[in-house]
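Lettered A, B, C, D, E and F in written order, each chain numbered from 1.
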Amino acid sequence: MRPVKRIEIVIDSLELHKLLRSLEQLGVSGYTVIRDAAGTGDRGARAGDQLSDVLKNSYVITACPEEQLKPLIDAIRPLLKRFGGICLVSDAQWIVH
Amino acid sequence: MRPVKRIEIVIDSLELHKLLRSLEQLGVSGYTVIRDAAGTGDRGARAGDQLSDVLKNSYVITACPEEQLKPLIDAIRPLLKRFGGICLVSDAQWIVH
Amino acid sequence: MRPVKRIEIVIDSLELHKLLRSLEQLGVSGYTVIRDAAGTGDRGARAGDQLSDVLKNSYVITACPEEQLKPLIDAIRPLLKRFGGICLVSDAQWIVH
Amino acid sequence: MNIDLILSNFLNPPILFFFLGMLAVFLRSDLEIPQPIAKFLSLYLLLAIGFKGGVGLYQGGVDHTVVVTIALAMLMASVVPLYSFFILRWRLSVADAAAIAATYGSISAVTFITATSLLVKLDIPYGGHMVAAMALMESPAIIIGVLFYRMFPTSDEGEGKSEFSWSELLRDAFFNGSVLLLMGSLLIGALTGESGKQALQPFTGDLFKGLLAFFLLDMGLVAARRLRDLQKTGIFLVSFAILIPLLNAMLALGLAYWVGLPKGDALLFVVLCASASYIAVPAAVRLAIPEANPSLYIPMSLAITFPFNIIVGLPLYLQAINYLWR
Amino acid sequence: MNIDLILSNFLNPPILFFFLGMLAVFLRSDLEIPQPIAKFLSLYLLLAIGFKGGVGLYQGGVDHTVVVTIALAMLMASVVPLYSFFILRWRLSVADAAAIAATYGSISAVTFITATSLLVKLDIPYGGHMVAAMALMESPAIIIGVLFYRMFPTSDEGEGKSEFSWSELLRDAFFNGSVLLLMGSLLIGALTGESGKQALQPFTGDLFKGLLAFFLLDMGLVAARRLRDLQKTGIFLVSFAILIPLLNAMLALGLAYWVGLPKGDALLFVVLCASASYIAVPAAVRLAIPEANPSLYIPMSLAITFPFNIIVGLPLYLQAINYLWR
Amino acid sequence: MNIDLILSNFLNPPILFFFLGMLAVFLRSDLEIPQPIAKFLSLYLLLAIGFKGGVGLYQGGVDHTVVVTIALAMLMASVVPLYSFFILRWRLSVADAAAIAATYGSISAVTFITATSLLVKLDIPYGGHMVAAMALMESPAIIIGVLFYRMFPTSDEGEGKSEFSWSELLRDAFFNGSVLLLMGSLLIGALTGESGKQALQPFTGDLFKGLLAFFLLDMGLVAARRLRDLQKTGIFLVSFAILIPLLNAMLALGLAYWVGLPKGDALLFVVLCASASYIAVPAAVRLAIPEANPSLYIPMSLAITFPFNIIVGLPLYLQAINYLWR
């Protein structure tokens, strides 16, 4: 078991690829994406627009060591500022296999 | 970074709208929903019934400040009692943008 | 509120049934599955192969009492070793209804 | 019993694909129909059968028999749940009895549709109003079942029951997706008549059998998967799931004979009464009778009554009709 | 106004299914079309109409009128967003004005397709090149809208604007799914001509009306759901969503009359100018004009302009054409 | 080489839509087919081709050539993985060699189906038993591949290999979705014959080309996306993915000529041997040979061999057959 930071992000689906790109650039060991997530927040309901994919969220989770946290957050924040979303950080134990 | 309570709920899809309504009434700043979640629990397998939507779960996550926790739980508990489900609360840091 | 261990697992969809079987054998009180999850990790991108279901992940979450944790991890580890994936453990409060 | 009849029902591609689906599950194959496709196909079938029925009404018009048939349909839809409930109470809790009674009082559109495809195969005509009858038979049983549940005392007299709104129930009963789509398409068919028929024929007509076959392939998969759940249900409910349809069929047969329905309408009427719901009712009952156990009423109608009706029932009922009506 | 026209538009099954969809939402029914099916249907419609258009070009060839029509189309697609923007600025922020201007400068394929189904019903011919015109009208408005947004100062002069790549925008404008599929199918139709038509006719031809009806059922659901969002938009935008299409239609009518387009082409041209986008534009604008509020431009085009055009607009425009062209 | 042949293959709408799909990816368009639709289409194609084959068997009956052809098919399906494995061992690990050998020993239904659509276009008949041959060619290679993997020592002699059940593998090989649906539909076609054909013709027959075109649009998208992964595979595997199909095709051509298969059957037989699996095999191999790297065997068959076969292979093989058979 190795202690890690568990970062979960909800972001506009249209912006997903940008988020993933910057995650990769920062060299996270990996991430998991759940594509379709509805939700509401300051920017109103985002039940997912059936026709265009506008207003649809994606849910991303990545586990990283403490020291990677800071740069990650700095990279994520502007994206969230621009298109809304949320980013939560919590502690977890990674079961290394 | 602001400390928040991270509340995740798994509930029968047919009841989802009731849960969301009470979340909104309690004035949470937002929530995220993942519509299709299978599962098993005391009430048996809920692999999602293909034909009717009975036996399908939805996964809801909302982050709220400590003080909102109590009223939220009081609102959620009866719903879970009636239709089953699960509610987990954990600590997280909200990256404010 | 009862303190529990919150175990989340990302595993190859083709292996999902094996994971769930061993969860049930270990007598967890329940679990929740989100079937379609993309991701990348040591084994490269797993965006989900459209035609065969190869390269698709599933996301599983289960909450269990502290004492169940150890046997669960021992059961999960070999599966992850063989087909990749990730397992995170964190602390949570279960709202008993 | 007439062997040709069994064969011509059995050699109907839709039925064979249903078997293929069940086989796939028994062989533990990974064959699977994506859920959105299954949903689409069931919507398509409702739309198509509704539209056909509407065009039929447009052509045939509304006469005396139409009114009588629909009256009978409503009658059966309200009587069946009554006696079903009291039979079930013999062994089950109020909640479960009420839920299952509602299930068997209501109807299965796919069984009805499979019956029409057999009629078409045998060139036996049927009236478009039978579709209206079907649509009207879906809801009453739900109401009655819930009434029973609320009239009789049950273990949970707390929130479970209090937290309930009639308006919501009525909406679920009368405006649920399948009823609305059926009725709407029926209306559209009746409004647009010939020109409408021409426009949609390739979609609602020509494709019908093919998409029905594809859907029954999925039904086979779903039904076979549910079979497992039956171990828990016990012999009482399993036999109920076969005997009650037969009883309902006999009553319906008598009524149909008595008022002298034409053969085709008679078969469809019998099939409607014999069939049990696994779409509209579960969704409504799950909310209105939360105490009832879904893993009882869903497998019963889906894994026993549905296959029984389309495989054994159809030829049996038709055989009886051929015998009486000659 | 000619009552037959209204009726023959109204009694078009697709239109009726659109109403059924809206009704379902008003009755708070749980009727729902799975999203992948909705996506598939919209792709199908683009493929089918594109292919038809291509075959039409193959048969009709490219002559003088074709060139003129397409030139006019491009013209209107660039002029409409211009004046729309300045009208909107009167009340809205630069970002919102630019986004809505782009929305109304671009087109709605489904409105176009519904118009063709009316023309077919009335045996009025139309040229395959109109499909090319439609495809070419989708993109310019997007570019112009974004140009406005970037030319005029806005509240957010920070990252929001800097973080932007023209190449990405141009790709979203000209190579987005719908434009590409339309153009591609058009080309394939023009390349394969008769033989291709024969091969695909049952799919792209015979099924067309049925699948259009099914898709409009979904559009009815979606549009009605969006109606709620309109409470916030206010009267100015609601009336804009009805009056601007009429204005655009009048201009288009004049141009079509002036160059003497044949009836069918004229109607389609008018409908294109009167329609507003709710697929290509929102997706592009969301990224290029992040400041703009999507819950303004999406409901306006989807919940007001689209229903207005297919229900009131179509017969109205055709009526006017019949009047002028005789 | 005969230019008409190339053209009439190239101007086949399905092929053109395949190109459109690839183009969309190269232009980085957001064109996308929802996954459930792709699954549905591939199921449909298997059902339709299986059913057609069955009806063909019903009409043609089972004679000497049928038996011979199927015997040859089984033979090639077992020989190809043999020599492929040893060629691959020259550069690859046992696991990867075994997985790729299985991939190329097995077949691609869509390649087969595209070939039939070309034959139909050129009015060249083919026997329904070829579908049976295809179904029977899917599985053997999987078994052989896994046998190799388990016979030869590999890096991971631990859990990886021990944790393995033959029963599971055999099920995956013989009862996987595609094999079962093919075989089942074949049987249903053979059982229901003419009447069944009539009933399903609009679905399994008329729509076939259209839905194939739509599916190939998706295949184009998927194949082009996979092209990226090839950078890692290296020149050896890339050339393998083109040369081995040609080698297999030559052998098949020889056998077909030797036993004197009719033209149509010959082409289909050649195409089957030249094609590689990207559905059944990956799913089975992923579990049975976990050490093998999926981003080798999937892109090879999907992004190189499949396009090569339907674009270059088809006319080439047919050309050779026309040359030899005259």
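We adopt the following convention: a residue touches a chain if its C-beta (ideal position, glycine included) is under 8 Å from a C-beta of that chain, and two chains touch if they have at least 3 such contacts.
Values in this document were obtained by computation on a predicted structure and should not be read as measured data.
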For chain D and chain E, the contact-path distance works out to 1
By Cα centroid distance, the chain farthest from chain E is C
Greatest centre-to-centre gap (Cα means) from chain B is with chain F
Across the interface between the identical copies chain A and chain B, with over half of residue numbers shared counting as same and under half as different, the residues used are different
Chain D to chain F, mean C-alpha position gap in Å, rounds to 41
Per the C-alpha centroid definition, the whole-Å distance linking chain B and chain F comes out as 46
Averaging C-alpha coordinates per chain, one finds the centres of chain B and chain C separated by a number of Å equal to 19
For chain E, residue numbers touching 2 or more other chains are 34-37, 202, 206-207, 283
Where chain C touches two or more other chains at once, the residues are 34, 81, 90-91
Contact graph of the chains (line, ring, star, complete, other): other
A full list of chain pairs that touch reads A-B, A-C, A-E, B-C, B-D, C-F, D-E, D-F, E-F
Within their complex, chain E touches chain D through residues 11-13, 16-17, 20, 23-24, 27-37, 121, 202, 206-207, 209-211, 213-214, 217
Touching chain F in the complex, chain E uses residues 34-37, 39-40, 43-44, 47, 171-172, 175-177, 180-181, 184-185, 188, 191-192, 195-196, 199-200, 202-204, 206-207, 283
Listed in rising order, the residues of chain A that touch chain E in the complex are 12, 14-15, 44, 48-55, 78, 81-83
In their shared complex, chain C is touched by residues of chain F numbered 35, 38, 42, 159-160, 163, 218, 222, 278-280, 282-283, 286-287, 290, 294-295, 298, 302
Interface with chain B, chain A side, in the complex: residues 10, 34, 36-42, 57, 59, 73, 76-77, 80-81, 85-91
